[in-house]
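Next up: some structures, all given as structure tokens.
Paired with chain B in one complex and with chain C in the other, chain A is shared by the two complexes that follow.
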Partner chain A sequence: MKYIDIGEDYTNTPAGRFYKDKNNKKGSGEEFRETMLLPALSSLDTGEKLTVIIDNNVEGYGSSFLSEGFAGVVKYGHMDSHELLEKLIIQYTDPDFEFFKNRILEYIKNSSFASEQYQSTKTSING
Partner chain B sequence: MAEIFSIALAGLVAFLFNWLHWRLVRRRNALNSIGRHLDILAKELETNAITYWLSDFKSIPNGQVKQTSLEISIKGSFIRLPKLVTEFTSRASYLKDKQIEISKVSRKSWILFDLITGHDFESENKGTNIALSSTISKNCNYLRASIAIIIDGHGE
Partner chain C sequence: MKKISKKQRLADVNRNLQLRKVIRSTKTLQKCRKSRKKNRKSTNRFNWKMFNNWIDQLIDSNSINITKLKKNRLVLFLPKVMNFSDQYEATTLHINVIRKITSTTHINAYKLVSVRFNDLLECSTSASLVLTAEISRWDDNIRNQLIPDIESWNENILKQFCELGFFELFKNQPKIEEEPINSALSTVKYIKSHEHDVDKTIVLKHAIQKIVGEKISKWTFLYTGLSEAITNVVQHAYPKNTKTADNERYWYLTASFNKSNSLLKIAFYDQGIGIPRALPSSTKWEKILSYLSKFPIGERKFHKHLLKAAVEVGRTQTDKSDRGKGLSDMLQFTKQRKDGYLSIMSLKALYKYSISNGKSKDKAVSFALELPGTLIIWCIKLQNI
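Here is the complex of A and B:
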């Protein structure tokens, strides 16, 4: 079992969809997916799961961050929604975060596999 | 002996009716109270969300501060909204003739989250979006209407 604690390992102010939304400052859903979630998913052994802790030291989320950060894995063709849901455990202890967990799961379920080609918005700003 | 029994039985029945009556009143008042909180929150959310999506913060003084302030407020509302919706729908679940409206309350809260905090929410390059503002307002009012329908006349 591997873990990502968003508040501890990434940022306690997750916000925005793309790198460009934050003018390349830390915290976007795109950055979370590219630098945290995808590497962690890639490092899983067969049958191993990834637990993402969503409520530690984080005040809340917007849909833009959650949909890009989690459903983007499916949308850009890294794995289909079934496989991602098999590998992912969304964990919280604060009951107020159940709502966000449910939204994440629904975004993943509703996302179409490889429906878009990924182009980093960080590159587009720098380039 | 029979008279004493009758009086005791009448007293017991009166007590039970009284107890049931006040139990219903308490349940109704609790539902009304949460419904009112939910209605106020939906109105507050509508105001903040419309201001957010109609404003071009880059063109106004202290725009970045105003944008961040609204984003924090909106995200805070989405901690409160699901909490109140869960409590409200749970307390309203005994209203068998209002089940459709009760399910709409939950569904509208999810829709509002997706609408208000989706798109380029929290983007420093966010533009204005009149169509989205209109959809948000419509859905806030649907939510408020469902709350009113559930509260109105329940328990009668």
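Here is the complex of A and C:
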């Protein structure tokens, strides 16, 4: 079992869809997917699961972040929604975060596989 | 062919270089002339007579209180009450007058030289934020030359704007004696930020905790709404094809707490193109409305319809299925708190969702006057105070 603790390992203020949505380019859904989620998913052994802790010292999540960060894995064709849901465990203790867990699962389920081609927005602002 | 000497060769090269310089400078001159012509054309397009007539009509009809000085200079007096609930028309009119006069550079058009707060007795949190944003925009445009004059201000208004951080806008800040004034309203210093800045919400959180004296339950959902509001500003409010300069792409945020009725208000304002103009019309009905929007009444209905669609069905500029959830995220804080309202005002439309004792209702309203931007207000009642 592998873990990603968003508040501890990534940021406590996740927001925005793309790198370009934040002036310091940090904390967006695109960055989370590219630097945290995808590497962790690809390092899993067969049958191994990835637990994502979503409520540890995290302020909250906007839809843009969740949809780009999680459902983007399916949208850009890294794996289909069924496979992603098999590998992911979303964990929280604060009851308010059940809402965000449900959104993550909803966005993944509703995302269509390889429907878009990924183009990084990392260099689209300030060089 | 005769072989040329070294001296001759050098002379040829020098002459050539000189010639190139002349050609280059002529080309630049031509370019300059063309752009000057273009600029002249675009300034000519502005109908200053019509603009001045509009102001004169407003003065004649007593809609605004303006004193005319020499050389087309104007002094605008704010009304007694400014808010977007029961004084929408008067408040928006004054905001529009400030925006329009300060955006005009034509030599014959009226110029605003002063905005007087003397008559202002009541100003809601959201109105004070919008007013601050418009005056800040004006001050930025004239390179921070505004000098505040606080003589004859109402003391509650002075306290409110002082707490809001209004005077920190100016290079020349007035000296304000800090006398304790008994006012039930406490305001959080406003946050002005560039479009990409999301982390400022944490500053707001600490400031709210300071005036309220406790943690705000369900804050997570307010953060969600605010972060989506900021993301929307980044992605839609200031499109690249509009003339907005980089230093004008700001959003403004503040909050206030009224001890007498335990109401906490959070207001967010951007001066962008507005939600209805950022959305495409997709259905047949919207295309008809879009055509009718060339007429004033049609435009109002069109804005109302699109704003409602944006909040309720997640209509988005991009038309991608995974987009357009941001505005509905803003509803979550109000829904989770189960008591309060969310109102979104953009251009000529208002969408309001309110919930009380578990019963929710929503409405969409259209106005004749347009707010030059988008204003989002969350209002909740804190029970334990």
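General remarks:
We adopt the following convention: the second predicted complex is superposed on the first by the 120 of 127 C-alpha atoms of A that agree within 3 Å, B and C clash if a C-alpha of one lies under 4 Å from a C-alpha of the other, contacts with A are read in each partner's own complex, and residues count from 1 in each chain.
We adopt the following convention: a contact is a pair of C-beta atoms (placed from the backbone, for glycine too) under 8 Å apart; a residue touches a chain by one contact, two chains touch by 3 or more.
In this text the structure is predicted, and so the values were computed from the model without any measurement.
In the three-chain model built by superposing on chain A, chain B clashes with chain C. Legend: residue contacts after superposition of the two complexes on their common chain; A:N110 is shown touching chain C, with no touch to chain B.
In the overlay built on the shared chain, the residue A:A71 is in contact with chain C alone; chain B does not reach it.
Contacts of A:G16 after superposition on the shared chain: both chain B and chain C are touched. Judged by the touch definition given at the top, the superposed model places A:S120 against neither chain B nor chain C. Which of chain B and chain C touches more residues of chain A is settled by the count: it is C. Using the contact criterion defined above for the overlaid structures, shared-chain residue A:D96 touches chain B and also reaches chain C.
Once chain A of one complex is fitted onto chain A of the other, the partner contacts of A:T51 are absent, as it touches neither chain B nor chain C. Of the stretches 20-28, 56-64 or 218-226 listed for chain C, only 218-226 runs into chain B once the two complexes are overlaid on chain A. When the two complexes are superposed on chain A, the residues of chain A that touch both chain B and chain C are 15-17, 20-23, 59-65, 67, 96, 99.
Looking at the complex, you find that chain B touches chain A at residues 71, 74-76, 78-79, 82-83, 110, 113-114, 116-126.
Against chain C, in their complex, chain A makes its touches with residues 13, 15-17, 20-23, 27, 59-65, 67-68, 71, 75, 94, 96-97, 99, 107, 110-112, 125. Partner chain A is touched in their complex by these residues of chain C: 194, 196-199, 201-202, 205, 218-224, 227-228, 230-231, 234-235, 321-323, 325-326, 328-329, 332, 336. Against chain B, in their complex, chain A makes its touches with residues 15-18, 20-23, 59-65, 67, 96, 98-99, 102-103, 106.
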